[in-house]
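Lettered A, B, C and D in written order, each chain numbered from 1.
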Amino acid sequence: MAQNKSITSLIMSNLPTVLGIIGMFVISSLYFTNPGWPAAVTLRNSVTLSLPWPIAIVSVLLIRRHANNIIKGESTLPYDATVVGSALLMIILGLVNGISDPTYQTLYANINIIGTMAVISAISISIFSPMIRIYRAKSPTMALLIGLSILAFMTYSPLGQMISPVIPQAGDFVQTYISGASDSAFWISTYIGAVALVTRMILLKEKLKPN
Amino acid sequence: MSYEIVRLDILTVMVASFATLLLSSQFLRGVKLRQIPTVEASLEAVRVATEKGTPLLFDTGWTGANFWGHSSGLTTLAFVPSTLELLKNIAQEAASLDVRVITGTTNAVYAMMSRDFMEAGYGMAGHPERFNPDDIYFYPDNTGLVLSDIEKIHRYNIGAAVMIGGHNQTSNIVIYEALATTGAMLVAGEIWPNDNSMAALCADYLSFAEENIAIGSYLSDDPVPKAILAGEDIIKGFLIAVVVLGSILYYLGVF
Amino acid sequence: MSKALNLSDKRWIYIMIFGIIFFSSVAPISFPIPVVQWSKDFHQVINQGVTVDFADPPREFEGVTAGTRVFILNSGETSKLWGDMSEAVTTVWKDLISRDAEILLWSSSPDNEATLNKYLLPVIYGANPESHPDYGTKFVNLGYVAGGNQLLEQWKDDVIAITPTDAYGNRLEDLPMMADFNNLKEEADLMIGLDARGLETIYVVRFNTPVLEIGGTDSASYLALSYTGGYFKGMLMGQRGGAEYELLSGIKGNSFSYLQNTLTIAAVMIIIMVISNVMYVMKGPTSKVTEGT
Amino acid sequence: MASPIEPLMPYLNTFIFFAAYTVLYKNNPVYRFTQSLIVGVGAGYLLLSNINAFYRGVASQTFVDGSINFSMLIPWILGLGYVCIFIPRLIDVYRAVSILTLTVGMGVVLPYGPAIFWTVSQTYAQNALNFLSDGFSVQTFGNLVTAIAYVLGLSYFFFSDVASKPTTQARKLGRIVLLIYTAMTITTTALGKVNLIQWKVLDTINGVPSTLWIPALMFLIMLVDHFYPLKNIISKKPE
């Protein structure tokens, strides 16, 4: 009796999670059924259509945070003002002239899009740098890896083909058949870990709040 | 209305996987697990930050960003509990050593959860007053996160970092390079394989893919997550058997 | 206070790389390149088709011809990889137009949408794509629609019911091309992902949809599973993939100008890595051993 | 119609790209300003894009031909639940809506895991011994290597002592398989991403107008600052 009571209270204290888990499996059923159960389709579609809200709210929270810094007079004031000012400028432009406004569009493309490409392009320099500074044959395995990196440099530039056609063929073989299988092992272990996560949720071991 | 079942074989494998893990949670309790290097190293990073007198950077990148049905889906959710549990433990250690922990993520919901776990860690150490919610940072996109992380690394001269999570397009290495400038100790593990490759190049301590999901179970006192982790080995063993035995059966024409 | 330039300063590395890129850019040369198998497969599918047999019955796709319905998913990291994907995407797009295909475009995020709006659509369709004669009959742009995988699950049955308007506010039911391009699981003859993920399980294993992929050079590392697993029937990776498709299709582009840079930088990196490792082995290990490697 | 500020955009574009790189020299106000601008502009754009997305998908469909479309009310209700994040007393409403969204999202993608690990394993098994039936070629040998590498790689992720101890050798080889992937990926990533820099450098050289002078000027300023810190000129104090 006491045990039943504790299970009941456990379920009641986790009601949103319990309902969510039931919903999760109902939604999962849509993958395997044709046509899908209409109620499940409605739930899935409604949640999808509501997704712009949380994404938009992240932006509002970010702007609010920097606005609070301005009010508190933090030492980062000029930069907080830049964040808030530029965000407000975009919002005003978009609201007044619509999101197809050319000024609104061109500011985003020439500031944010190109900034993103700058960050991503910096990856190459950030790889070359440690490859030059610390990529050393400290063990036979490391020597093998450095050899393979050199093979990849030859394969994915015209250099290998200029020396011998065998080089890019060997590089392609390693990339397609060994790296490909390794990629599968990486992903599949992760997918199994994800199934384990859901199992822990079913057992109410994952509440996404600390004990 | 009649329903047609699509891919019954996948449905069977899914149900069998859950059944295996649920049974494991009961019957594999107490099974011993091998070590994962980043678990202890993460706490060591807090001590290194203490010695250097600088804050610790705890960056989880895109963790939790895919709450909203993004194409990377389940894998980005899988390590959410793990990173939060790790953050709680790091916060506990940091609170007792009076080290500031600065976090970075791309999701407001995850940032809110981080606050709960960090606060709990500081409370467990008996120093709730040392918790500063303003040290939890989030940005709506990966670009903002990386750019601001680099700025903070320079501004605070970060001496140690734990970067366990999911970054994007290997942008984690841009942060690693900034950490190399300040000579920081780096504990890293990434959920996605290409990002993991960057950690393999730069990290002082490294964990691979699913090991990062498993960290949460290692840190928990509860025997059930550990038992489920052991149960995953059965699924992996089954898949290995599918390839080994299946190849022979396919060759013999049985399928 | 002035400071001497120190050779151990790692900023020399950055200066060297920028130097190589600059000089490669002002002196581009064409080089012979081998065409990798996944690029050959990509062209083969566009040109002659493929059979997909994950589910019963198998689906026969006979290549892109007049009226072939191609769904392009701008749903990966296009905004971040554009400088490495630009030529492959542009060349394939031109090839699809030359074959008179019907193209439906979706962007999964505002930055992906903005990238194609700035760098691709003006090149192909002019400053106002919605005013181009092909718009509505050969090309429809859904623009940014939120939802990722969930959206793809919904669109497999009905696009118009979920997303009634295009990126420019036109109702989809008023656009002639959409009359038989609505139920994606059956009416999309071919899907081309721009670094897109999730198509394998949503479309390929259940509905045998042929899927091709265009990504950055390193996209191959995390998309390899999908190629070796047989889900993607071909891939074009990076500017080199663009150069390969230029060779295979005979459509001229700008891909080859990038090969000089990769050649120079690869040669320099190989020389540095060989010398530094030989010196390291001769001197014996002195630096710290990294746990990961 | 083009924006009146369009003529300035090539310069702004080039400035932003290379200003992001100035941090490689050292942390500086130009980098911090650029970073703040990118974050702010991105936040404003993302906010309005999603308002527009909701308008297209829901708001414009809620009242059609003078009558309410009831299926559109649920996204509105969920949206209002999200707004509760701004009301501390109603934060649990926000949490409940988040959990619902999270679990629905997980429900959609949950089958993908088994779908992938089952069909990939099947495909590898199907092809592994093709060399026995189809003869020895690069492809059939490659298929065998793939199956072996996959098995070894997967074995690395055994966690229990029961499974990991007897497979120690396989796991060591599995670790090498995973590291082979990392070695190839490091290089292909570097070569791929360096194309992005060249793409922009080509734009500064060949674009109209040419903007190459902007990064050249930035480099010169950094060089000067290295020997004669500009901060001292402004603040009249030694660094």
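By our rule, a contact is a pair of C-beta atoms (placed from the backbone, for glycine too) under 8 Å apart; a residue touches a chain by one contact, two chains touch by 3 or more.
These figures come from a predicted structure and were not determined experimentally.
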Most distant chain from chain C by Cα centroid: B
Dominant interface by contact count, named by its two chains: A-D
Rounded Å distance, chain A centre to chain B centre (Cα mean): 13
Chain C-chain D separation of Cα centroids, rounded to whole Å: 14
Euclidean distance of C-alpha centroids - chain A vs chain C, Å: 18
Where chain C touches two or more other chains at once, by residue number: 10, 14, 17, 77, 80-83, 110-111, 114, 146-147, 149-151, 153, 162, 198, 205-206, 217-218, 220-222, 225, 228-229, 262, 265-266, 269, 290, 293
Sequence positions of chain B contacting 2 or more other chains: 6-7, 10-11, 14, 17, 66-69, 73-74, 77, 108-109, 139-141, 143, 147, 169-170, 180, 192-194, 196-198, 200-202, 208-210, 214, 229, 232, 235-236, 239
Per-residue overlap in chain D, given as positions that touch at least 2 other chains: 2, 20-21, 24, 32, 34-35, 38-39, 42-43, 45-46, 49-50, 53, 57, 85, 98, 101-102, 104-106, 108-117, 119-121, 124, 146-147, 150, 154, 156-157, 178-179, 181-186, 188-194, 196-197, 199-200
Residues on chain D engaged by chain B in the complex (per definition of touch): 20, 23, 26-27, 31-32, 34-35, 38-39, 42-43, 46, 85, 98, 101-102, 105-106, 108-115, 117-119, 121-122, 124-126, 128-129, 132-133, 147, 150-151, 154-164, 178-179, 181-183, 185-186, 189, 193
Touching residues on chain A, where the partner in the complex is chain D: 16-17, 19-21, 23-28, 30-32, 42-47, 49-63, 66, 78-80, 82-91, 94-95, 99, 101-112, 114-125, 127-128, 131, 141, 144-146, 148-149, 152-153, 156-157, 169, 173-189, 191-192, 194-195, 198, 208
Touching residues on chain C, where the partner in the complex is chain B: 10, 55, 75-77, 80-81, 108, 111, 146-151, 196-198, 205-206, 218, 221-222, 288, 290-293
Complex interface listing, chain A residues touching chain B: 28, 31-35, 37, 47-48, 51, 54-55, 57-59, 61-62, 112, 115-116, 119-120, 122-123, 125-127, 129-131, 133-135, 182-183, 186-200, 202-203, 205-206, 208-211
Residues of chain B defined as touching chain D within the complex: 7, 9-11, 13-14, 17, 28, 31-34, 66-69, 73-74, 77, 108-109, 112, 139-141, 143-144, 147-148, 150-151, 154-155, 170, 178, 193-194, 196-198, 200-201, 208-211, 214, 229-230, 232-233, 235-237, 239-240, 242-251, 255
